[in-house]
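My questions will all concern the structure given below.
Just so it is clear, A, B, C and D label the chains in written order, and each chain counts residues from 1 on its own.
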């Protein structure tokens, strides 16, 4: 059981050499993807920090490199010398064990190093990591840490996109990050209910089906009792959200949690984040990474806070699923279908309308939008944080956050799995967060 | 099942007449207790509001009467006339369904009505409620609502005490509310671990053992799987907390949740609320409702935030119990022992040292201090709020709060039961909140 | 010159005995007036603090007594013992030289001592002061300090009224402090301009005409050059303010100082403080110390911030006078007329309509409302604060405040004089503050 | 008199053609200087906004161009087309008359247009302004507005430097803007007092001596009475400030204005802005535009708030001069000496030690540091704002600010004159602000 509690390639099952070479390829691919993501951006774009919760794109690029330098090079290089000694503090995110941190709300104040210098930092550290990998082809601990570093990198790739979207939204010109809508005809899909019997089940990360890596917060696999429930066959759409709005949903306190109602009043919430009343008087416009577009009724709604998702569900006479209900439903999806979602590789950078549904299986479980669950982000029974410095990765955030599941249009496809737990406070809106309904079976 | 979802005397099992007369006695007793609680206070004391979360004693007295007037007299009196029409807004706490509310942070600004007028308001409404009870001896709905009103009254009796304690603490003279320490010799009690096997169990309100009333949030009774665990034989003490302090507990981020660490830094937390370094240079003093006293090592620690309780547990190599673990343990306590706790009737208004333990049964499960659990305040599977205006009582607060169990030295004895769920945000300190440890069985 | 810089009865000109007996009478009269002002108030009313800038009535009563105890009894009693040692901190307002201070925003948290105990404190200190006066009939320093204490007391009498008005305004019942409008027929008075030639003049406190006491901030008398100007023959009225409102005055940035416009936007300012749109759809209602009344067009407007007064003046094509223009105009008013204003002794507790004007002399210069001037509260050339502890009385507040002149309906008549300088920050509204127009002579 | 109230070249006294050609040269020179100032900066540096009161360098460059486009091209071009229609809002600073404004605290969020695009914007508008100047060689109104635009540009050149200094100070590397200290031997200069008789004088802008342009706030020239006074022969130095610190100056409330003391407590002020305790344990280091340096005792102290300047003066047994005392002293300085100060052209970007003094004339009146005066920024008697859109330039800021005089090491030499009034709120520290002492003559 202990093995599952640390960052790991679990039973890679490959000869060490092949594993190392696959690791090298994966390392190169994931690291290159981060740099590819800033191609549409100027050095000034990469400098922007629009709120304390978001970070500049340049900071993401540097911090991801800091992670490899601090947790791997420092340990595996014999005569380790830092690229720049000041980076240890400058690009530490939240690891108290590593030492001081530059204050998060001021990350946008770091104009030096420049973007160019940060890219040089990446190149050098990449080369040195590759050298270390070559020197230690069999080192399991090294393999574990590189794997962790790459999953960490993928998490930040998504944050880089959501953070730059938030930053660009402050520009009245509503500039587009990209212009490449995947074309698609619309084929409206009715919402159906799919029933599950539940029972006393084992849930959590399962190396037999969930791949060779998990974060500590997905473990240990443990028993949960789930009562029978129905879950929605697809995500809630913009069109359904518009009906909520037109029915006065944002003005009716009985639909909201008390804290949600306060949030809505304080923030004058009247529609999802990035929506605005349409210039031509009816309908809504939506700021996306593809610029300002008309709100499409059949596209999954996103950028909802937990409060909005919860209020919508109550208005619809339903509720949010628990994370275990969600996981049970997700594990029922045929493997082939699960991999065909709308992930970052599709370059839509936005949810897209559902084209078809299979009768007995919920659609859109992976990709498009993260799905709010009613589950708090709590430790699983028997949870133990990873040992060492990376022990600060997850456990210390288990308070006043809710679990989201399933990945989004900004998630790398290879990053998501049925046991994956994302988490945000209930007022967070700037992630690609939406919802799927659930209900009790009477 | 439906019957359990509404405010209720469940199966009173008495002839209507006897029930009504018992109801009358209970009504008179509970209502009188509220007024008794302000006897040590001046009109000016009763006016104090020291923070938005707390209310003036006078406001409590008025609001409790408003509850009976609004939810009972308005409905059951034929020619209902309000005592004072303006009170409907002035003393509404948070019921949007009832209409406007006077802003909570300004309750301390209501000097008129005076305390004397509020006491007149209580007397008149009491008489009218008694008249209604006499006229409708068989009305089950009336009985339900009066019962609810009395449990509501008891909740506020505890708040009245914790709120006035908070308010008086602003006075540099540290004035005592009462002077009547129950005398007790000290007999140090070692901490022992008591094991439970767990399994798939039914938990939540059980009318067979938990009495004739429950709040909606304790229902429905439902299945939960609990893994084997140990629980502490007694509460954590001041002495143990002092060891945590001396070991640098408040200065070591690795012991804290990230949000807790931020809270501790922002609030310069270095010891429990109401503690201060002792005048004579070593040890601590504690502001209590009995004035300023030396901190006693064997008394259960209280006025901890969730953050402090969680950090202490981590430091002690243990964790907080879940609310279901707690309930399972509480249901193992012999009935006689459960009723002998330190409740408000004992007039200590402070936790007291444990005198003895039974070998196989956890002590201090009821009374002394509310025990933080690691469970978020979430709806039980199948939860439905009460119907009607009182539906706002509980459900809308199920967000970013943690469950506390077991009652305290400020809780009326007849108010507590094994299924009772109290709840506060993790930074709340002004309740009599402490902790008991738990741990996994490897 | 030095003599003028310390608190003083200047040129008492009476034999010591007669002076002392006159001092005793004055002491008794002024001290009794403070207590008389709380007669319409309950102990709970006297506990209210509605904002950090305001204090509870009970605190005023205690602090005024603290002033006599600290600055006189401590010095002149041989075996001085404080009434209660804790009061030295509790009722210190802002004298760093005296030592610690209880935090101002929490004055409303001091329920103990009770009002009754504070009245006992007053009685005892009064007796002891009278004893000291009897023992030291010739002590000039004592006489100076008692005189200062009485002027200090009168200042707080006005604050007591404006503070309780502010506090009572939080009560939705809009309770009246008093019910005794002085009756008066209305005789509309046109605004006329009265011209002054100005020149190089001596201004500031003049013991020949301004009585036997001045605060240090009114000294030294000094030369000022004033260009020719016109000043309004009367105060600006509610009717004129309504015309400003109807002309969009609160919505036109070009009428406002930049900081005033920000203030108006932040505070959603749309009318003077204590006004509200009338229930019956047109006109305005005004919360006064006499309860809620219809706004009367001929009554001087009051409770304006500097920002509103300045914006009104700009809208009217005029400007606020400087404090020196005001003083020059005030010194032109015949002595008899000056003493017939609407002061606190009239018990209107509100400005009243002007009944008649004399042709060449401005009316309403004294009483009714404090008049905002465009002069910052700065030291006069050669200004020196009083020596000793009372040196903190005025000088340290000379920053970001504006001078108001002339006294109000809440000012004791014997407290005001032509050289008197009141001062408040430009956003303060809760004083009886209004305006009179001025303009350049082309 | 009227002529003096509008933006103006007063009495150019040149044939129109020569005037126009001199205007062209001046336009080119001043505009080029703005671009020269960002040469040491990257695009990312130019994006930084470290507080709402400061603006990104890029924003300054764009806003200055907006000024010429909006106030001149819109009016003088026949078929005016904006460079980019969105810039009208984006780069409007505070002109309500021009329409909407992008929120000031979010200027740092404008990554697009890029710096390169802003430089293109500058080039195009420059060409178009030169074309307009060629077409209208005799247009006095045009000449006035271009002159105003160039003085406006010079004001922002100074702000650009103080803002980028503030932004770079957030970088733990303390990066230098420039590396070009002007070398200078140290020759300590004693502080001497220079007396002035004062009297009834005419002060304010005087075209005979102050050049051909003034802002409206320097007018009209008017009579002021000044009592006799002494003024310090030089600026207060770092060494003198260190003596203040060592004498507990920052810990003694009696030295401070009440509002200043609150400011110092809230901000934990213990030394001037940009100072830090020296790494090697004694003395101080100073972040400058030339990087981190040891504090030099003979250099004028700068980056003081008004509160610090006022407290220092009180500690020194003196006071700040009034702005009229300062102006009188400044007008006594021989013209030749006045022009030899330390201005931006010297490229020190920091005050420098005084090398010598003349006996009867105060040194360092111009350049080095802006000198706080005790005068509030108020309108001169008879003041009228300029007509038209530029009327918002100055008047609306006349509230809660203090006047500073004399220019600084970041001021263009041709921008300053004896009548020039700079102004900042009393807590502002990020300008090159220091002080000179004054005192009454007994």
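We take it that a contact is a pair of C-beta atoms (placed from the backbone, for glycine too) under 8 Å apart; a residue touches a chain by one contact, two chains touch by 3 or more.
Remember, it's a predicted structure, so these values are computed and weren't measured experimentally.
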item: Number of hops, subunit A to subunit C, where each hop joins two touching chains; value: 2
item: Distance between the centres, which are taken as Cα means, of subunit D and subunit A, whole angstrom; value: 48
item: Subunit B and subunit D: spacing of chain centres that average the CA atoms, whole Å; value: 61
item: Centre distance in Å when subunit C and subunit D are each reduced to the mean of their C-alpha atoms; value: 39
item: Contacts with two or more other chains, residues of subunit A listed in rising order; value: none
item: Contact pairs between chains, per stated definition; value: A-B, A-D, B-C, C-D
item: Touching residues on subunit B, where the partner in the complex is subunit C; value: 42-48, 50, 58, 86, 89-90, 102, 106, 108-112, 114-115, 167-168, 170-173, 175
item: Subunit C residues touching subunit D - in the complex, by the definition given at the top; value: 94, 96-97, 200, 222-225, 227, 253-254, 256-261, 306, 374-376, 378-379, 381-382, 392, 396-400, 426, 440
